[in-house]
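So, here's a batch of structures to check.
Look at the two complexes coming up: chain A is in both, with chain B in one and chain C in the other.
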Partner chain A sequence: MPATYEPIATTTLSTAASSITFSSIPSTYTDLRVVFVGTGTTSVGLKARFNGDTGTNYSYTELFGNGTGVFSGRGTSLNYFSLDPQRNLSTTIPIMNTLDVFSYAGSTNKTTLVTQSDDENGVGVILNMAHLWRSTSAINEISLLVFSSTITAGSIATLYGIKNA
Partner chain B sequence: MPNTYQLISSNVLSSNVASVTFSSIPATYTDLVMRWSVRDSNVSVNANNFIYYNGNSSTTSYSQTYFRGGNSNGVSSTRNTDDNDIYLGYNNGSTSTSNTFSSGELYIPNYASTSTRPMSSFLANEENSTSSGWMHINAGLYRGTNAITSITLTASVNFLANSSFYLYGISKS
Partner chain C sequence: MLSGNPAYSPPLFESIATATGNGSSGTITFSSIPSTYQHLQIRLQVIASGGGGESIRFNSDTGNNYARHSVGGNGSSVFSSGTASTNQIFIGDDAAATNPATMIIDIHDYASTTKNKTVRSRFGHDRNGAGSVYLYSGVWLNTNAVTSLSLGIGLFGGIFDTGTVASLYGIKGA
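And then the complex of A and B:
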């Protein structure tokens, strides 16, 4: 059986940084998956962008639970993906995010599925999101970033490629 | 490139058991994924399913935030602090539609770390009934200070024969 789930690149921050970028992503896979586990040097939201696009081409629909109820929401015409719109990165407890990008090398708009698994023994959120990037360009770069802060040293982000054959 | 989604161990039950443990998990991977398909002998439509790590079910090392929906009752969210285990949700019990098994997945990033570790799980059962069937999505936290070397799933009563469990390791290189 062929290998169909392969690591493309990984970053473990040795020092705090405002972003983690995977560039020159080959177009040889079917789908991509990013797994992030980490913290922020301040309580700050984790974002993502494709191909460095800062245009208002991102939107999402979310479903989340926070221990008191289950809610849904929507964001339109944003200039980034929010990976944690309901709860920022913790400064102490690592949070897990996954980002699945389907048909990333195709010529249609790109749909992604994002999860956030955040429990901090007293607060937290479990979140699933459908994201849309309204671009027909193949994705060759994915950046995880925070604004006006940094991602803590020791945080890990790994990019995997998934093949259908 | 190497194949990094590798089967570490599997267990397809030949008889009913109250729990299943994957032990001596090597520290050579980056993340762990466990998938299972189970049915429980609990005389009920739904049967609770839990996990704990490293045999640690007696201390308050776990917490969780989850939401679930189904059973025609809408959706709800719950948070538990200082728990003894992680609650995965409902499996099919013995009075649910025959020959129906629930399916679940657990993802543990950075499992060999000795610091606090998050996890996520997804569990679903569907049985062609207008009054039952659930989806359960969980964010859990394990505050143990040792690397995860074993994972135990516990049934409500017993996992029935033919229930299956698969543990995979994922490497980043």
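And then the complex of A and C:
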């Protein structure tokens, strides 16, 4: 049987940058997975966009625990995916996010399952989210970005493709 | 290995089979699952204009040989529940037309003939102002190897519409 879980691209920032972008994503997979581990040069929220879309076409529902309780929330009609709505990137401790993008090359709207794993020795959050991008376009570009700050050098993002039979 | 060529590394995560919704059936079945993997994973996107939660059964067993627990939230409240001695394991909370519900389902040590079978599902569905996120665990109280599995919607009485994609993968052990 052929390999079905393949790395497409990895970016390790050599200098701080406001975004990491995977472009020209081939349409030959069924699902995509992005794994990010990194920090911010300031405490700043990590966002994502598909195909450079800055319209208010993004929304999410979240379930999270912060060490004291369990909560659920949501955001609607946003112009980005918020990958850490409860805790920003730390400046010192790497935060891990995973994004599982289903049927990214298909003609339905796009749902993404997101996790955030963040422990900062006394504070932190574990979070599961469902993100919706209201677009039937195939995804050919994924950007991770921060506003008014930068992602620290050394932060790593890897894009994987998952192919079905 | 020829000199200068990298050593061959067999794939650890392999596609076994794929099924899609057709707008007329509420059950997707994968049968004749080989026993050559350590674990199974299903990646499931569901479109269902009639709605309904998603479930799983093994080896066509419709008896009360399953149990399940869940924790979830709907954007404002959180929930947890459990059910013993039931006839299916919940793996998803709902579905809709247009905006897909998605799940990643792991079935651990599925080929064992001495252990009951544990299942985990991560579910998410957002509809821009509605939706939910759930984590599920379940068990099939049976020590037979899993050779087939069925995915259902609406307690196996709903309909998987076009746009539903179910992909079964095998994960190799060392």
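Convention: the second predicted complex is superposed on the first by the 165 of 165 C-alpha atoms of A that agree within 3 Å, B and C clash if a C-alpha of one lies under 4 Å from a C-alpha of the other, contacts with A are read in each partner's own complex, and residues count from 1 in each chain.
FYI, a contact is a pair of C-beta atoms (placed from the backbone, for glycine too) under 8 Å apart; a residue touches a chain by one contact, two chains touch by 3 or more.
Everything numeric in this text was worked out from a predicted model, so none of it was measured.
After overlaying the two complexes on the shared chain, residue contacts for A:31 are found with chain C alone; chain B is out of touch.
Looking at the shared chain after the overlay, A:158 reaches chain B, while chain C stays out of its contact range. When the shared chain is aligned, chain C comes close enough to touch A:62, but chain B does not. By the touch criterion defined above, A:95 reaches chain B but does not reach chain C.
In the superposed pair of complexes, A:135 makes contact with neither chain B nor chain C.
Of the two partner chains, chain B is the only one that A:122 touches; chain C does not reach it. Shared-chain residue A:5: touches chain B and chain C both.
In the superposition on chain A, contact of A:51 is made with neither chain B nor chain C.
When the shared chain is aligned, no partner comes close enough to touch A:19: not chain B, not chain C. Residues common to the contacts of chain A with chain B and with chain C across the two structures: 3-5, 63, 70, 128.
Chain A makes touch with chain B in their complex at residues 3-7, 10, 35, 37, 63-70, 93-96, 98, 115-126, 128, 156, 158, 160. Across the complex, chain C meets chain A through its residues 11-18, 43, 45, 47, 71-78, 98-102, 104, 122-129, 131-135, 163, 165, 167, 169.
By the touch criterion stated above, chain A contacts chain C in their complex at residues 1-5, 30-31, 59-63, 70-74, 76-77, 100, 102-103, 106-114, 128-132, 134, 162-165. Within the complex formed with chain A, the residues of chain B that make contact are 1-5, 30-31, 63-67, 69, 75-79, 81-82, 107, 109-110, 115-120, 137-141, 143, 170-173.
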